[in-house]
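As written, the chains take the letters A, B, C, D, E and F, and residue 1 is the first residue of each chain.
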Amino acid sequence: MPFFDLPLDKLEEYRPDVVEPADFDDFWATTLDEHPWRAEGMTLVDVDAGLRDVRVQDMTFPGYDGAPIAAWVISPTTPGPHPAVVHYVGYGGGRGMPEEHLVWAGAGFVQVVMDTRGQGAGWGTGGATADTGHAGGPAAPGFMTRGIEEPRDYYYRRLYVDAHHAVEAAAALEQVDPTRVAATGGSQGGALAIAAASLNPRVAALMADVPFLCHFERAVGLTGREPYEEIVRFLAVHRDKEEQVFTTLSYFDNVNLGKRATAPALFSTALMDAVCPPSTVFAMKNHYGGPSEIEVYRFNGHEGGATYHLRKQLAWLKERTAESS
Amino acid sequence: MPFFDLPLDKLEEYRPDVVEPADFDDFWATTLDEHPWRAEGMTLVDVDAGLRDVRVQDMTFPGYDGAPIAAWVISPTTPGPHPAVVHYVGYGGGRGMPEEHLVWAGAGFVQVVMDTRGQGAGWGTGGATADTGHAGGPAAPGFMTRGIEEPRDYYYRRLYVDAHHAVEAAAALEQVDPTRVAATGGSQGGALAIAAASLNPRVAALMADVPFLCHFERAVGLTGREPYEEIVRFLAVHRDKEEQVFTTLSYFDNVNLGKRATAPALFSTALMDAVCPPSTVFAMKNHYGGPSEIEVYRFNGHEGGATYHLRKQLAWLKERTAESS
Amino acid sequence: MPFFDLPLDKLEEYRPDVVEPADFDDFWATTLDEHPWRAEGMTLVDVDAGLRDVRVQDMTFPGYDGAPIAAWVISPTTPGPHPAVVHYVGYGGGRGMPEEHLVWAGAGFVQVVMDTRGQGAGWGTGGATADTGHAGGPAAPGFMTRGIEEPRDYYYRRLYVDAHHAVEAAAALEQVDPTRVAATGGSQGGALAIAAASLNPRVAALMADVPFLCHFERAVGLTGREPYEEIVRFLAVHRDKEEQVFTTLSYFDNVNLGKRATAPALFSTALMDAVCPPSTVFAMKNHYGGPSEIEVYRFNGHEGGATYHLRKQLAWLKERTAESS
Amino acid sequence: MPFFDLPLDKLEEYRPDVVEPADFDDFWATTLDEHPWRAEGMTLVDVDAGLRDVRVQDMTFPGYDGAPIAAWVISPTTPGPHPAVVHYVGYGGGRGMPEEHLVWAGAGFVQVVMDTRGQGAGWGTGGATADTGHAGGPAAPGFMTRGIEEPRDYYYRRLYVDAHHAVEAAAALEQVDPTRVAATGGSQGGALAIAAASLNPRVAALMADVPFLCHFERAVGLTGREPYEEIVRFLAVHRDKEEQVFTTLSYFDNVNLGKRATAPALFSTALMDAVCPPSTVFAMKNHYGGPSEIEVYRFNGHEGGATYHLRKQLAWLKERTAESS
Amino acid sequence: MPFFDLPLDKLEEYRPDVVEPADFDDFWATTLDEHPWRAEGMTLVDVDAGLRDVRVQDMTFPGYDGAPIAAWVISPTTPGPHPAVVHYVGYGGGRGMPEEHLVWAGAGFVQVVMDTRGQGAGWGTGGATADTGHAGGPAAPGFMTRGIEEPRDYYYRRLYVDAHHAVEAAAALEQVDPTRVAATGGSQGGALAIAAASLNPRVAALMADVPFLCHFERAVGLTGREPYEEIVRFLAVHRDKEEQVFTTLSYFDNVNLGKRATAPALFSTALMDAVCPPSTVFAMKNHYGGPSEIEVYRFNGHEGGATYHLRKQLAWLKERTAESS
Amino acid sequence: MPFFDLPLDKLEEYRPDVVEPADFDDFWATTLDEHPWRAEGMTLVDVDAGLRDVRVQDMTFPGYDGAPIAAWVISPTTPGPHPAVVHYVGYGGGRGMPEEHLVWAGAGFVQVVMDTRGQGAGWGTGGATADTGHAGGPAAPGFMTRGIEEPRDYYYRRLYVDAHHAVEAAAALEQVDPTRVAATGGSQGGALAIAAASLNPRVAALMADVPFLCHFERAVGLTGREPYEEIVRFLAVHRDKEEQVFTTLSYFDNVNLGKRATAPALFSTALMDAVCPPSTVFAMKNHYGGPSEIEVYRFNGHEGGATYHLRKQLAWLKERTAESS
């Protein structure tokens, strides 16, 4: 894979103007007003995964429109309250199986893995959550253009609200210290973590890797790779909807959301990542509202730092959550 | 493209057993009972496409659940009633623009081009119809696995009902002779035409080219090409849902639907078609309930006979519709 | 598909120096002197395509060297004279079948679809015209390097003369108003339309989409896509013929031809078009000799604006041909 | 991915003759005599991975020729002795990082992850073990043809001995019950597990998924995929060494090794696995010397059953190791 | 590359019926009558290639229609007469440069390398010979469908006559023993060698490797690879010309030509050759009219035996030409 | 293939700073001290290749660590002493067969073709030399990362010493004039020729085509093509070894080696060469220590000038070796 984006020194100072709608804050305030968190919808069922030392719970919590969102809660068996990590998943995947998520509990955190509505059938071991919103207008195969003609109908509006509520659900768990809830994820999961940190002030720390859904105007057409390419495909058909589409997307651009976040953040990007190009990540990082660091993986693609980076996250988050305890 | 399916002499006698659910007829009777045709929802707006000699109308008719389905009606300007052709569209496309559909009106037919709900953003000039059913459970990108875990929720249940109702809408047009309505289409459009001919006895003639959605058990895994591959992708994740998925699909298999159709039919297939393999087409043709012919394009892929075949269809349908007038 | 060419603001002012041979005008004057238009060679046979409201004629006219060139003439059945559109075809295709060309006649124009000598077997429904010139020296598979070692032998010399004569043939039709003949086409067809407008002053309006054969020095090596790549392949073998090849091509560069045209023009290009890159189109447009406009399709590849753009052409040309009537 | 191998009913009875050298048993007896297990070379260093409830040790044990082989030992912190699982790794990978291997310890097993000499730089987070044997004669890039001209020099001779010794190393751990040591792995790791079960009678249970290195005569040329294709590449150059190469390979064919194993086994295969085709897996399974079961993943490729299957392995092995305790 | 054709035991007895036109012999007799060999057109120019011990001559000889065909003559500097090898070139290539052809002269043979009319710009260092026949009707890019609608116009009619005359030209050289002229080549060159051996009784020995243009009915559609695929492309457009095309090809099928040859022959094929599949080669070999042997390269593609096989040819031909001297 | 590197005018002045380790000269002096040339290990066996006018010898000479390195010696049969050319081979190949190397002997030179240790099984007709050094630490498939963690263990250290000694072996041949020994090769062979010219002052002239192993910092990540990509693959796994890897590589960078060479040199590069990008070649050329020329092939990829360039080399070297004789 060749390098295709800006060189690192340019990336470090890349802070482009990104269009922000005038009613951006209203949009999200209204959205959360219309779809408020309701703790009473939560259900928790203990699951025997045959694993000692961790407790696994199959959680359902009410997301956007009260729709039931599945999640795994994987906790240390030691007495709490523990700090928690809300974990969002990459595009096309689902919450998978609890055996795949043992590190954070091993390190003393409660990990909540939120399923992604309607996804969870593209790779891995899948998910179990329907997208109860209506399927919407003409869309290219995939989730990127589902409802894209109108911000209120856009698929990611529902998903960002789910992400916001997942933090509340985590905080409501009896074994969790509600002042020490972090958000994390890679790719689409990184985007959801940023959105959660922006929309939900409860997020005490943010870790987002190779995040998706940042600086759409640059991303679309910089790389020809999925899933950004779904937007190209839509616009190649609907040649008259460019303005409408990018207006919708500006409400969901994590550059705009990240500006409003204040939690300390640890980001990562990879210089050969043609799925979520590094300049789109730096655009977000350099606009981010809170204190932030970024780890750069020079010769990696979208897989990024993998366990090398997880190890950095563990150390970073232990420091953050120790401080606040 | 190499040949990859059975040789022609084997295809001609290929008539496999295809699983049919015991409640197949009930399922569709119930479906149509629950979502009956309601002519009162139709709207028609004249459109000036700048074309002499054809009349273009932008039609909306109520489909499954009464959802508004867009269609073009393209008619000769001569006095009717005329025979009509209801035209269904291939996977990912929409009804496009009326300038793309002038042949049938030129030949004296009213052509109704039904938009495909939720699609219409994958290629061409698109569509304008939302899928108002709920978006559904975990699905691979695309439409093939939307709601696949339960026949009643499956995307194609909605679409087949739309196809059924489009025939009613065509018959209800003042310029159409309701006894001479044919159904046609290629690929997914061919599948919808067969379904329409099976579910709606009003269909007087059927023309289906390189039809999709036939003999799933063979198609899935015979070719690695989209869109059948979406089902593979779903099952590669949901390893425990094979039976459930193929049970759902059996309600939508055009081998089963075609058995119940009685209209005379003209089919076509192409021996190098890796999207809708010829054996799946012959499986349907050899089970078809009415009189049928098939045109074989030996060195073509999924593009099939194109205008060569359209010319054959014009001649064939003129004969059929002249007879019945 | 990522963007790969200049950004739009640079394209709009991109007006590179393009080499022009000193004897350029002589070359073409001599060529047309040696291969003059001879109306007496035209033949016209009515064809029954089973379509009301249009008249279809199978025309043969004498092209370069008097060779018989096939064309379809598709006319309104209303009394003329009508304005006409001469339509040239993309690389590898032929005139196809008349059913594929109904829009212009529907809009009140006589459409003449010129077959492309020797081509017409690469896609679609083909052509029927031989390349009677001799097949020529060593050439890479394809038509781009046929006779490329000498301008007088180059394949496109024959084809440009055919394009010139097609305009004469159109003007000679009894149903055509010879003062209102436009030239149009996409890709290679766009190139032929520009050449026709340059070489034949009778062309009253020009519409060229995603045109090929513009600014060879930039095109070859900017994109690795066919058919420009045929030239790379030739030069990769004949390492000593670079100068000779680009000298030949300079006689056929539509930047040079377009400079000499004066008809009003409507162009289109697509920013993701890697077959005919947008900078090569703008190079031509910005040198064009007459008044011109260009439509830019931002998220399209070589398919460009398709019916969206056809609709614009209909409106634009109606205005142009109404004016002059 | 289409199906490309035998259908399932044929696979289930596929038990081909596979060439076995007359001195097969001698070869391996001599090999192990020359490179015997020496417990004194083992080293163990505790590692703080920041994970509660598991103990991580960085182990080095002497492999073929006494070379130091790295491994992770990941154990429950509860008092032993525990049953153990020796885990071998897929082609190109290494032992990775301990955070990636938490399930077995969570389920009460000691997991030993053996690094693969010379590999560990192709994917994932790598390895740390050199191949101290000499690099050998002409070889295609990769490990498959390293030393292939002579069984005694072949790369996998060294690796199979390492696999044998890893079982001894596991059994020698103070926290392990030496009568309850299982071998497991996927792909190359599955091949090494079978080899270990064959060569080392201490192996009490075998779990091999989508195993590599089975029935070479069929595998090479059935699929065009790496790494079997390395052998094709070698033979395409060394056109005169076919016999020599397949003779060497016959000493390492897990069909031949598996015949000699007696431990109960749980295998898995996937019907769309073009890397390790299912017929090569069934050839081994149907010749296997001990009691065996096989799980078939119908719509998966080389990823096989993933966590779905891991869950089956946990249950299966708990039963096996409970019995023997 | 996987195996895709018949297994070797089936290949060895594969002797299919191949359609042969009733006037096959007339066709070729007439062709050679109309385009007889005329020695007077030969020219020879000595070239200084800076190489000791070989003499290089740039030859031109009159081919089909008397067109000038270029060739290299590379001879030992020792006194003759020597046996000769006429060497034909693969598809898309040309005679190249004399430095590329030194083995046969080194072994005591005069090597005549015939250029291929119109080709010589696809790979390598090219050619210098025009195809003076007319370029012909609609054709897919390439040479396979040039003139394919009529046997007399087909490109290979001209080329086979050139191949026939090249043998005469070789025999007419003063340094050549005209009773000891062999024909050789690989791929298209192998096809031309077979044609030469069939049409010209002077050919004393034939060596054809991985020959092209054998058993078209099987080749087209067995492999999807170029250049056979050009025929598929033509027929995918000209859906009504299948019979015409295969009739034309039957005059040029080397199964039919080879039946009529009597020279002893050494063939080669490769079991992974998807360009010229082994069954098409065996079809020819098993119908061949003279004594023949075949060398099979099991793990090679179209590159076949390369220098391994050249060495066999040297030995085989020395024996043949020693006998006859 | 599009152009992807700097334009020619920038290339001509491209002279980047390239990191050079402080102990570079010590490293190589020590290396050659530890692995000195020992003529006594040479063996020479005459081979009958059936070719008049050339003498073929199968040579073995002691390389790094005294390991036996195979080579062909192909000489004129005329009395010497002759000038000599030591020829190194491209990545993955071996010395092949003597019939493939006849030009230089034909032109009056003794050609020594050095086999490449461990390679010779990737393409062509192969090699016969083992890599006796130990296979080394974790490495990506291929030779580029074998031992890359430590300069003394790196595979190319062994190979560069072999290249140095091959010059000595050539000079020691009785038929060679030891004052007129040139080094040549393409790709990896070009890199070895530069290394030989740098390390061995006996090299009287250097000809390196499209050379590999130049300016690693730019090459890795400029192109995504093999074999530079092997380094990316290694670093994508070993994310913490970037500095170590590039430090090792700096000892083997032909920019650094070439600075120290003084022999007159003829280089070549190709502007579409994505395997060994032209800027990396110019970086070396513009730092080269002796007088140098470069031939640029504008429309070629890695095949470069082929026989066109060989002809230039013959003329250039004849001049050089005539001067010094």
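The definition used in the following text is that a contact is a pair of C-beta atoms (placed from the backbone, for glycine too) under 8 Å apart; a residue touches a chain by one contact, two chains touch by 3 or more.
The model shown is predicted, which means the values in this text are computed figures rather than measured ones.
The minimal number of chain-to-chain contact steps leading from chain C to chain F is 1. Chain A and chain D have Cα centroids separated by 37 Å. Put simply, the C-alpha centre of chain A and that of chain B have 39 angstrom between them. Our note on geometry: chain A versus chain E, Cα centroid distance of 63 Å, whole angstroms. Taking each chain's centre as the mean of its C-alpha atoms, chain B lies 50 Å from chain D.
Of all residues in chain C, those that touch two or more other chains are 124-125, 239, 308. All chain pairs in contact, by the document's touch criterion: A-B, A-C, A-D, A-F, B-C, B-D, B-E, C-E, C-F, D-E, D-F, E-F.
Residues 220-224, 229, 232, 235-236, 239-240, 242 of chain F touch chain A in their complex. Of all residues in chain F, only 1-3, 271-272, 297-301, 303, 305, 308 touch chain C in the complex they form. Interface residues of chain B, counted against chain A in their complex, comprise 92, 94, 118-143, 145-146, 233-234, 237-239. Of all the residues in chain A, the ones that touch chain D in their complex are 50-54, 76, 78, 96-97, 99-100, 102-103, 106-108, 124-125, 306-308, 310-311, 314-315, 318.
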